[in-house]
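One chain, subunit A, appears in both complexes that follow, with subunit B as partner in the first and subunit C in the second.
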Partner chain A sequence: MAASCAAASELLHNVNKQIKLLFPKTSCVIRRISTTADRWDSPTQVKTKRSPQQLVGVVGLEIHAQIHSNTKLFSGSAVRFSSPPNSLVSFFDASLPGTLPVLNKRCVEAAVMTGLAFNCTINKKSLFDRKHYFYADLPAGYQITQQRRPIAVDGILTYSLLGGLKRNQVLKKTVRIKQVQLEQDSGKSLHDDLQSQTLIDLNRAGVGLMELVMEPDMSCGEEAAAAVRELQLILQALGTCQGNMSEGQLRVDANVSVHRPGEPLGVRTEVKNINSARYLARAIDYEIQRQIDVLQRGGTVQNETRAYDSKSGETIPMRDKEGLQDYRFMPEPNLPPLIVYEDNASLLPGADVCQAVVVHEIRERLPELPSVKRDRLVRTYGILPEHSFTLVNEEGLVEYFEAVLRETKKEPRKVIGWVTNELLGQLKQQDMSVSQSPISASALAELLELQETGRISSSVAKQVFQEMWTSSGKTAPQIIQEKDLGLVSDAEQLHNICQKVVDSNPDEVHAIRNGNKKVLNKLMGLVQKETKGRADPVLVRTILQEKTSS
Partner chain B sequence: MLVFCRAVVRSCRGVTLDNIRPFHLFNDGYSVTSFHRRKLQSHITCNVCVTRLFSSQPHNPKVPKVATWEPVQDDQLPQPAKIPADLVDKLERLALVDFRTKQGLACLEKAIRFADQLHVVDTSGVEPMDSVLEDRVLYLRNDTAKEGDCAEELLRLSKQTIEEYFVAPPGNIPLPKREDRTALLKHSEF
Partner chain C sequence: MLSLTIKEVSLALREGRISPTELCRKCLNLYILDYIPPFNATVVQKLLDQGAVLIGKTNMDEFAMGSGSTDGAFGPVRNPWSYAAPYREQKGVEPQSDWVISGGSSGGSAVAVASLTSYLALGSDTGGSTRNPGSLCGVVALKPTYGLLSRHGLIPLVNSMDVPGIMTRSVNDAAVVLGVLQGLDVKDSTTIPAPPSFTELPEDFDVRNICVGIPKEYHAPGLSDETVAQWSRVADMFERAGARVEQVSLPHTQHSIVCYHVLCCAEVASNMARFDGLEYGHRSEVDSSTEAMYASTRHEGFNDVVRGRILSGNYFLLKQNYEHYFLKAQRVRRLITDDFRRVFRSGVDVLLTPATLTDATCYSDFTQEDNRTRSTQEDVFTQPVNMAGLPAVSVPTSLSRRGLPIGLQLIGPALQDNKLLSVARWIEQRVGFPSISDFGESSEPTKREQTSAV
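For the complex of A and B:
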């Protein structure tokens, strides 16, 4: 995220240079627009800088989340990533005449659960519609979606940003969720430009999607990226979507416009092709800046679809749709309205209980959501909010952290550093997940316990950690014994070492005796150097104080 | 209303059935058109005999037993719709059907005129129906895989395949410009 802001300011810088070249006499109002870093790093400064005629970005998102289910939305063919082409296609998915849609109960429940997680109103009656367009990966010539009355409406997503000078201030923001609708995914096209043909794989055709439409409540790429990240965590916690962007399970389109605060929204463009969270922020910030540039030059922003090119970092117009699209929406004649029930009491007499989707039951099954989990971690363990973000962001890390705590008496506030710095640092460096860690939670707990009980010093503990990482399977006590890393607490041995240090540093001793007690730390460092960090610091301090006081 | 309109569009298609573009993925263009033709026939039969042969409900006395017909005076109808060339373009593009012949246009205008009679019907306070099935319970299926795995069978339907892929033209082929198309369609002019 920091990188994206840096990139954005660099971009702005270049743009400014160009503008100065092009319009040497115009004063550059453009400077601080949408540089999110600026805004947070110096809030007071921005307030004075911001004039009413300044253009700001407005961002709304449309997110397609693939429902994590065994079978497709309207057919019983399996849902799987990277299977042989066209091996997961039923006659319905291939739109053979005479086939009919049969709705998957799991997909309905997933959409209801997702709606509930965002505090949506669940429509007890929702409708299916056909949206028509011609494309080879949509064999029916239309997509079944929910245009008029989606399954869930009017929700809210609360997400947080880390701001402030040290980026350790948690800023809470909200974005309204307009609706959650069920719809079919399309197949995949492989374009063969050389032979001028398109290869069609219908494995994905008909997979259930939840389209989440967010209101334009965000103002920059970083906010959008943070909102998407939170959404991703929520969907993963619910299990309704696996949320892997690289496998296309979560796809984001951004609607971007710029305006002066208080004025009506500007003409928007739709940015597609954003396939990673990293590019999302960049694509949006690029597009906001591009539109500001267009307007500053006196031009107008075209309502168009643009694609993000991750190589150049630019958005480029996509092939022009021939005029305005007309999807010819019509009610889906093959599907009666979808009814869900608030509780079992509201079931119609004679209705099949196995068939019914009961909102109340799904609400009961809602798991702990990421924001609640973070609050609980901060409250229970007294850790910093930013640490709770780190823990929750990494799959399995909360469980790991809590497992370590169960086996050590070390304070949670001290354990957190080990988990978020040492462990996570190593994992990231080697691109591993928490479950792949060569050091189990109980092995780490054992190591920390040794440090806590004074058997090893903290610097040695870090050394042992590294050893444990590379020579997996060896326990901390084994390594300590093999390498003779145990804390030197033999009083006589320490006395000798301390004496040597005192004798060879008369100036420091003199300073201490004259009242500069801080110099004692230097002597302590020298002792630790002598013992390779193995000396018991409490004991050393006592001995040194004794030897310098007389 | 909806079903009705679609029937009209289909009857328009009937004029220029030969101009229907073959569907990309299925080379069997003939069966697609004959499918439409069958549907068209079934609409006609529906419109003619409204004796509710298949209704399981006892006959509702409010519904006449045979179709009744009262011609609507022309002055009660709105102005006849004119179809500008741009709209023909748009309709052809949306439906992927060519009907730019004198007869095709006349047929469309006649169909719209026919539908104009619906304006006379007072529908205030009547909620439109989506389908005749709207009070039925929507069946929900369990999430167990039971289909698919029939790539060979499906690919056999396609004129062109590469390995296990269907082969389609690149992207959407843009329709030719109006002038080009007029030249193209000269032969179909009556």
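For the complex of A and C:
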């Protein structure tokens, strides 16, 4: 049911879009009415009883994604992380009087590409505005943004959650993207309480941001975190944003409120200062619970901004955001309206092609999006959906997996475990990336071939894997030979060992003959001990069964 | 390529609005008194590249707000015609105490050219700041079409109306300078490519082909009879020479002053937001908190004219007021622009109007009223042009009874700056405006000096 809800949302979204295209003058929108039934279908709901009077959370997100570009949005200074303070500041960034903004084409293309990836309508004409407020990290006293008409609107993000009792059921969900707009990033202020001063670094001032506004279609921290995770993957696949939350390339603010389903939305609070997807889930869930507690005690929720404190796990009110700010929006007079063209044919005669942003061209350049990739992997290789998630989530893992498959006859479904458990497990433990893996795809393929052809047992294979990891460069055959780990499948040898074990464990044999089949495992264990784990388990079992059945 | 060069031409720059480097610059305002801009304005660089010699920076009203050049941090500017014989030799006039203003806000620049100190001076024109002093000081003052000259380096007052202004002794000189300065600038996204036209003005412009419009709404209250007389005189000259002279109507003129003020204050409030004392300029000693520092820095750094406009502008931009003031003013602005467009489309080539209400006022009389009232009255002829982004030029026509210059304004359609200057030149050739050098110590005119560039 949950999966079809997501599909229904997408379908409705596309239908509405078609209507707008075919009948631009009419205003007809098919809306899906949210019922309590929908909410119940999501097993990821915060503990609810099946009672329609329960307060539930409503979550919307505001995401600021730093555009991956060489220079800033309106000036030529470079965009780089961790440079000496105030070393990447042009005259315009420092707000020297007389300097004017000059729009960066790459940033516009990035915004268009991002909009297309989320199925947004690209506004062929969009406008820039000034948003005024005084703050030390905002040199001009205003931020240039797109409040009236952003570059892209009305998109949809589809993401998946692992749900179900065993958390292996893939549930598809959607969240509407209200708009994507271009705006400037601010500088950074560092508070030095010791000397009661504030230090300002303007390196980041003027860097291009895409602000993505998500409608309040989510209901808890887990959904929000999953949505953000998917967003990160998409932006990384597009190359428009590197999506690193800890480096500030992706910043998420959550708008949280609670209400009873069917009733109007409650007062919302804005939660800021969330530095990772994990904290996002915790912050949101805390805030939902806090608001529920407030209301149940008879209080009211204030419309305020709160900061998430990762140490205590709580949200606390932010001091300097008291009262409503009036940003005194005004059109940016130094930037004419931004025009993007659908295709080369619609360019004005005499227009310079290299100065124009053409949507059609950008659409052609869209890479394979993560969801498409995952579906393709499942279809092509017959692996489980949750495995495809793991593969796509890790940079380079899909390529690694496919490289291994090319060199082994082993079935993908049998290879996937090695890649997602053994390999990924080791990488994660040592905080390494796939590209840093000491075991190459070919080396792993070689190892798996040896196991597949019966040269070594599964447990030995795992052992060899560990050896290969630490021995840097030694191949599987080398290790097997050195440590004499080859599988013993010599029937005669095995017969002798099994006989020995059978002979020395009469009680167990007796138990087996009396019907307790499980005791056979103990005998197997003893045989393996004898053979240092190198006995072919299938053969051993057969021999032992044979010997204990008479 | 130009047939005339500007080598060794002296150039005076409007102090503080246009930034040239390496000179101790002040914006005539205590705020950025010690700020030295690290880059040249595009228009300045273009002149320097042509060999112009920068001789100095001139006085002005603080942040270009004013129409008398009396409100700058360095004191008021005196009109050089106050010291010429025609004015001085009037009964009961004491030049030291009865000197007249130069007009504003680019007063200093106009004076530099009028006193023959400099071949060329750059000013800025947002509501008439170049044409007003040009007219009162008897020099040619050109406001080009918006977007023709780059505003990179020009400290913004009202971004959607500002242009660098050109002041010279003759119309021909103005045309030469325009040719050098116009053109697309990558650093200014509001610039447009210059029209492919000649930069040399014709010697003998044939006015029989043109239609001169006289807007009836420009008979403003307070217009001196002498200015009206000059207006009629030149209109008659056109008619006698075979041009068509017609009365036209720009019906929304009466709303332009209020509209201008709303938009001006709003943009000013926005543009002045950057002056916080953090990155450059004056910073207050108060440091109890960032807010306190901002507040006192801005209080100390701005005079009350500027502060008044900032407060008004912020008020107009409040969410609850935006629709009633800002958006409404934008709509009225559109109506004013459409007035001009309609008139020019109906066959009129140029409009002939006064540039100022009267000749230059005595400083002592001028300071009786507050800045805002004065601007309101003085800007009436000049600021609709800025709102519509059109080119306009003021040309001196004669001396008044008091011996002070009277000028008239020509307004043209967008991008027809050259044609406008051709018509202006035609007037200049026929009105016989005297040079200030004609009046030495006595009132006898001396030999006329050649003022055009060679």
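What we mean here is this: the second predicted complex is superposed on the first by the 462 of 550 C-alpha atoms of A that agree within 3 Å, B and C clash if a C-alpha of one lies under 4 Å from a C-alpha of the other, contacts with A are read in each partner's own complex, and residues count from 1 in each chain.
Here is the rule we use: a contact is a pair of C-beta atoms (placed from the backbone, for glycine too) under 8 Å apart; a residue touches a chain by one contact, two chains touch by 3 or more.
On a predicted model such as this, the values are computed, not experimentally measured, just so you know.
K.L.:
Considering only the touch criterion stated at the top, classify A:Val213 as touching first (subunit B), second (subunit C), both, or neither.
P.N.:
In the superposition, A:Val213 touches no partner, neither subunit B nor subunit C.
K.L.:
After the superposition on A, what does A:Arg130 contact: first (subunit B), second (subunit C), both or neither?
P.N.:
Touch status of A:Arg130: second partner only.
K.L.:
Would you check which partner chain A:Val378 touches, where first means subunit B only, second means subunit C only, and both and neither mean what they say?
P.N.:
After superposing on A, A:Val378 lies clear of both subunit B and subunit C.
K.L.:
Decide which partner touches more residues of subunit A, taking subunit B and subunit C as the two options.
P.N.:
Per-residue touch count on subunit A favours B.
K.L.:
Which partner does A:Phe329 reach: the first (subunit B), the second (subunit C), both, or neither?
P.N.:
second
K.L.:
Now for A:Pro84: first (subunit B), second (subunit C), both, or neither, which partner does it touch?
P.N.:
first
K.L.:
Once the shared chain is lined up, is A:Tyr142 touching subunit B (first), subunit C (second), both, or neither of them?
P.N.:
A:Tyr142 sits against subunit C, while subunit B stays out of touch.
K.L.:
Should A:Thr99 be classified as contacting the first partner (subunit B), the second (subunit C), both, or neither?
P.N.:
The answer is second: A:Thr99 touches subunit C but not subunit B.
K.L.:
Which subunit A residues lie in the overlap of the subunit B contact set and the subunit C contact set?
P.N.:
Correct list for subunit A: 91, 94, 96-97, 102-103, 132, 134, 136, 139, 198, 200, 326, 328, 330, 333, 335-336.
K.L.:
Sort out for me which residues of subunit B touch subunit A in the complex.
P.N.:
Interface residues on the subunit B side: 2, 24-25, 35, 90, 93-94, 96, 130-131, 133-151, 154-155, 157, 162-172, 174-175.
K.L.:
Residue numbers of subunit A touching subunit B in their complex, please.
P.N.:
69-71, 75-78, 84-94, 96-97, 102-108, 127, 132, 134-136, 139, 189-193, 196-202, 319, 322-323, 326, 328, 330-331, 333, 335-339, 348, 351, 355, 357
K.L.:
If you look only at subunit A, which of its residues touch subunit C in the complex?
P.N.:
These residues of subunit A touch subunit C: 91, 94-103, 130, 132, 134, 136, 139-142, 198, 200, 326-330, 333-336.
K.L.:
Under the definition above, what is the set of subunit C residues touching subunit A in their complex?
P.N.:
18-19, 27, 32, 37-39, 41, 151-156, 158-160, 186-190, 266-267, 269-270, 272-276, 278-280, 290-291, 294, 314, 317-319, 322, 326
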